[in-house]
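Next come two complexes built around chain A: one with chain B, the other with chain C.
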Partner chain A sequence: MKSDAILETRNLVNFYDDSGLGLFGRSKKKQVLSDVSITIAHGEAFGIVGESGCGKSTLSKAVLGLIDYSGEIRVKGQVVSAKRTKSVRKQVQAVFQDPSGALNSKKRIGWTLLEPLRVHKLGTKDEQNDRVNQILELIGLDPSYKSRFPNELSGGQKQRICIGASLILDPELLVADEPVSALDVSAGAQILNLLDELHRKLNLSLLFISHNLNVVYYLCDRIAVMYKGQIVEQGSSDDIYRNARHPYTQALLAAVPDIDGTGGFADGNAAALREPSEHGCAYYALCPNASETCGERNPDLADVGGDGDEHLVRCYGS
Partner chain B sequence: MKPDEKLLQVYNLSVGVQQGDRYFPAVDDIEFSMREGEILGLVGESGCGKSMTALAIAGLLSDNLRVDSGSIVFEQQDILHITEKEKVRLRGKDISMVFQEPMSSLNPLMKIGKQVAEVLLLHNKRTAKEAATDVRNVLIKVGLPDPDKVMRSYPHQLSGGMQQRVMIAMAIIARPKLLIADEPTTALDVTMQAQILDLLTSINREYKIAILFISHDLGVVSRFCHRMAVMYAGKIVEEGTVYNIFNNPVHEYTKGLIGSIPTASSRGKPLVSIKGHVPSVFEEHLPCPFAPRCLSAESRCFTEVPRRIHLNENHAINCVLAEKVSEVEYEI
Partner chain C sequence: MKYFAKKLTITVATVLIVTLLIFLAFNIVPGDPVRMILGTEASQERVDMLREQLGLNASMPSQYINWVGGMLTGNFGTSIKYQKPVLELIGQRVGVTFTLAVMTLILTFAVAIPLGIYSARKRGKFGDKAISTVAMVAISIPGFYLGIFFIWFFGLKLKLFMPGGYVSYRTDISAFLKFLIFPSIVMAIPNIAVVLKYLRTSIIEELKREYVKTAYIKGNTAKGVLYKHVLKNAFVPIISLIGMITANALGGSIIVEQVFGIPGIGGLLIGSITSRDFPMVQGMVVFISLIIIIVNTLADVAVQLVDPRIKIT
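This part shows the complex of A and B:
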């Protein structure tokens, strides 16, 4: 286990109660996360990619301590309790998808940026003000924005403020859950540039979650691909993007339309090929090369060797 | 109709928002045309007027929106100035639409079979029995393998991808000549999006249905459309074949937009970011609304009206400095 890891999760499991249809339906436990273990090194940008319902946001919520989970989460080597202490919260901060929902519409931007400092009782008034100005400069907005209300800002500017508010406590890890999905292309590019710059300049570790493989590839050093609550493939960004071994990752890559002139079509891989298997591989129903074994037992994550880094694949065929 | 005749022509169309006695243009003097069987992508960021253009063509503008000027000619007929009764006859039969959120477009209280058949009962004078056969066929066509089960289902019993397939089935069952698809894949996952794009491509090829494809996603447009028009703040700034525009973007906005998209080759390099932000519909627009953000803007860009210049028959731009930038060297 790497000693310089900023975040480690071990066998994270999360369930939700599916009460089924009807008032008296027996409630079933549905697994949202099964045995998710990731390690993010200090200063690393780690990406999670997957489609809706794959559990990627649940993972981010577990990391932030916003939901119940079983398993273990360590921040800088220390196991953290489900109810986070202030010092842990200070080290792990978050940016979410919709900046409009994340800002208090009745408070000025300056108030929003000051709040974390007030809550954590850091510095004198003057020091707090200096810090706010410093952060505004960092996120590329001038100090006059302090007196504005969120509704006076564009989506991209609001997301900058959210990033600023999350950075004001100087966290070690920033959890960014689909931070550009609600933004227009040009505003999204500005936010991606900003995150990349902050990652490099402040040596900030990132847990970056997105459904868009191109965006994750652009920003992250390592990528984990999630499918139905499991990590199915994990490795360096280049290994995942250029040498994907899991059939699901391959299908995902083929489906992303790229202006470079690739992807975008399913080429007939549409309907389920077989009945899903309860104990087998999660991708069994859709996998083009599944064998009988795949339907009987879920494969483990195994290292297939990448470019000097580990490249984990959960597939018998890899 | 002769093969070179246009299916749809839009001339000098302006659509705006009426608020009390004030009028704000949202679509400002645009023109474009579509041939039979063509897929035209209308791209731009939110608020650029692309959806409003689509609604104007379908005759579905809400009461606070109005067409200020221009004309929309569909099969030699000006469809802006026809009666509501004639519009009803056109919609669903010759022009149909697919929207972004399939769930909110379907009637939650009506079974799928009945909903899809409605189009035929209204337009094609089919009996219920004949219609049911057609519905079954069209559901198979859009990739719903168990049509009888789907016909008996209510919308909420289907997944998002299946719902969108039903919407497409409904849109093509009367074999329209033009399908307007407004962000049909935006609410879907990428793998589902790929399947829907496959389906739309096969419909286009097989039935020769022209598709006006509205999207903010340049990646999708580059892979799916034949031609495209880029809109910014209510104006079409660049128009041409997808090949020409992606290989030789000329307008600064198009260049910026293409550069803003992370691709396999942009890793490690900063993305192009267009400074500033899109002006709101309610702000006063300059004659060239992009001038304040444009990298090549000169002082006259802030006063003069952009001109439309054809760089060749498959590429046009709308720019004050059009003559200057029109001397592009085509990289082929």
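This part shows the complex of A and C:
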């Protein structure tokens, strides 16, 4: 375990209350996260990929203290619960998928940018204004934007404001949950460049969540692949991208369309090869090379990286 | 400015449609106003004379135009029963009803807003459920029943006010206002229930929005999120309820004024209907409709003004 870790999660578990509307409906609980453990070092960009519903957004909500969870989350070594103090909140900030929804439409941009400073009572009025101008410059927007309302801005500009508002507190970790998937390709690319630049310039730690492996590969130093609430493979971006060991990661990679139009789509609902197994591997039903053991017991994450770099895979076949 | 022009056009069109409907309704209703004035025994000559005098021999469209044109110059017609201009009679009574309506509105919002916020904050908990149940009962009770209950309980039992002891505002303004407190409570109760349920839903909807998540992450407490972010957004749909409550207050006052013995326009309207004072009824219906249309328009404009997404230029 690295000593300069910004964020550590240990055996994170979360249940989603799935009790129906029926009169006699018993509280059914669906497990969204099971035993998710990640560590993000200071200044590291950590990516999480997986298909929708795999629990990656739930993970981000747990990290941000927006939902209850069991297990352990440490921010800079200090254990935090879902009920956060202001000083903990200050250290972990977030950017979300939909910038239009994330900004209060009734408030001017200047107000939105000042709010974190006011809530945390940081600096005098003049210092706060200076900081806002500084942040606007950092995200590449003119100070005149302060008097505007969110609806006067484009999606990309709104996302810049969201990034600015989260950076104004000088956080240790920025959680970016699908920050470009609601934007068009060029605006999305600009936001990615901005995040990359900030990551390098400010030595900002990133937890970057996306369904798009290309995007994560571009931005992140390390990647974890999630499937049905579990991490199935984790390693350096290059290891994941070029040397994927888990059949699910391989399927994800095969689904990334190439520029020449080859490659296809990973069909999450592809015809199951066999009955899903309750105790076995989560990917058992779809895995092309599953054995009998895979159906009986879920494999543990095992390090397969021989070169010193950690490369964890949850597969008997690796 | 373009917005206001558009709004004004729509409002004028609404008024015209409403007057047309009222005019048609009163023409379809059986009964000859001339016979009503003169009685069935009157001679044919007198009937014909009055008919000519009242302009009833003209074609329907020109009758309508004359009527609307008259109203534009402030001539709402003449009451048959009182032999006075309709507008003058309304003017004598409207102050009382207006006071009652304003008191009802103030009371409604003063009680419903804190209760709605409380209910939304405690959603699903005991306090919220208790408020919801009481609100459901409050909506279901008819106004006249509640009025009679209030007279019996607060008037006769607790002697908090004197049933039937209405005092004109010309005599004693504080006694006048004091007497109106209980009638306005009766009128406010169902409105409170509606507004608080609306507000509760509106706040809960707003709390699900994405910016609420952001606000929490920025370090806001639950209170900060509610008061600095959510409430302003949640109030917008409530503003448009003001129009509806005004309509309720005016409609409700007809019954409540009867029950409490308040000489407002409600009593005047009922009296005019029973004595078949057609011009009076017609004039009053137009008057009440006009007020409701105006209040609704103002509420719409207010909604636009608080919403920065719509630029009024």
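Just so it is clear, the second predicted complex is superposed on the first by the 301 of 318 C-alpha atoms of A that agree within 3 Å, B and C clash if a C-alpha of one lies under 4 Å from a C-alpha of the other, contacts with A are read in each partner's own complex, and residues count from 1 in each chain.
To be clear about the criterion, a residue touches a chain if its C-beta (ideal position, glycine included) is under 8 Å from a C-beta of that chain, and two chains touch if they have at least 3 such contacts.
If you're wondering where the values come from, they're calculated on a predicted model, not measured in any experiment.
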item: Clash-or-fit label for the pair chain B, chain C on chain A; value: fit
item: Which superposed partner A:Gln93 touches (first chain B, second chain C, both, neither); value: second
item: Superposed model, chain A: greater residue contact from chain B or chain C; value: B
item: Where the C-alpha centre of chain A sits as vertex, the angle toward chain B and chain C in the overlay (nearest 10 degrees); value: 70
item: First (chain B), second (chain C), both or neither touched by A:Val256; value: first
item: Partner chain(s) touched by A:His211 [first = chain B, second = chain C, both, neither]; value: first
item: Shortest span in Å between Cα atoms of chain B and of chain C, once chain A is used as the common reference; value: 12
item: Chain B and chain C contact sites that coincide on chain A, given as residue numbers; value: none
item: Sites on chain A touched by chain C in the complex; value: 64, 66, 86, 89-90, 92-94, 96, 98, 101-108, 115-116, 119-120, 149, 151, 162, 165-166, 169
item: Residues on chain A engaged by chain B in the complex (per definition of touch); value: 51-52, 154, 156-157, 184-190, 192-193, 196, 211-215, 217-219, 237, 241, 251-252, 254-261, 263-268, 270-271
item: Partner chain A, residues of chain B touching it in the complex; value: 45-46, 143, 145, 189-191, 193-195, 197-198, 201, 216-220, 222-224, 246, 256-267, 270-274, 277-278
item: In the complex with chain A, residue positions of chain C that touch it; value: 209-211, 213-220, 224, 228-229, 232-233, 306-309
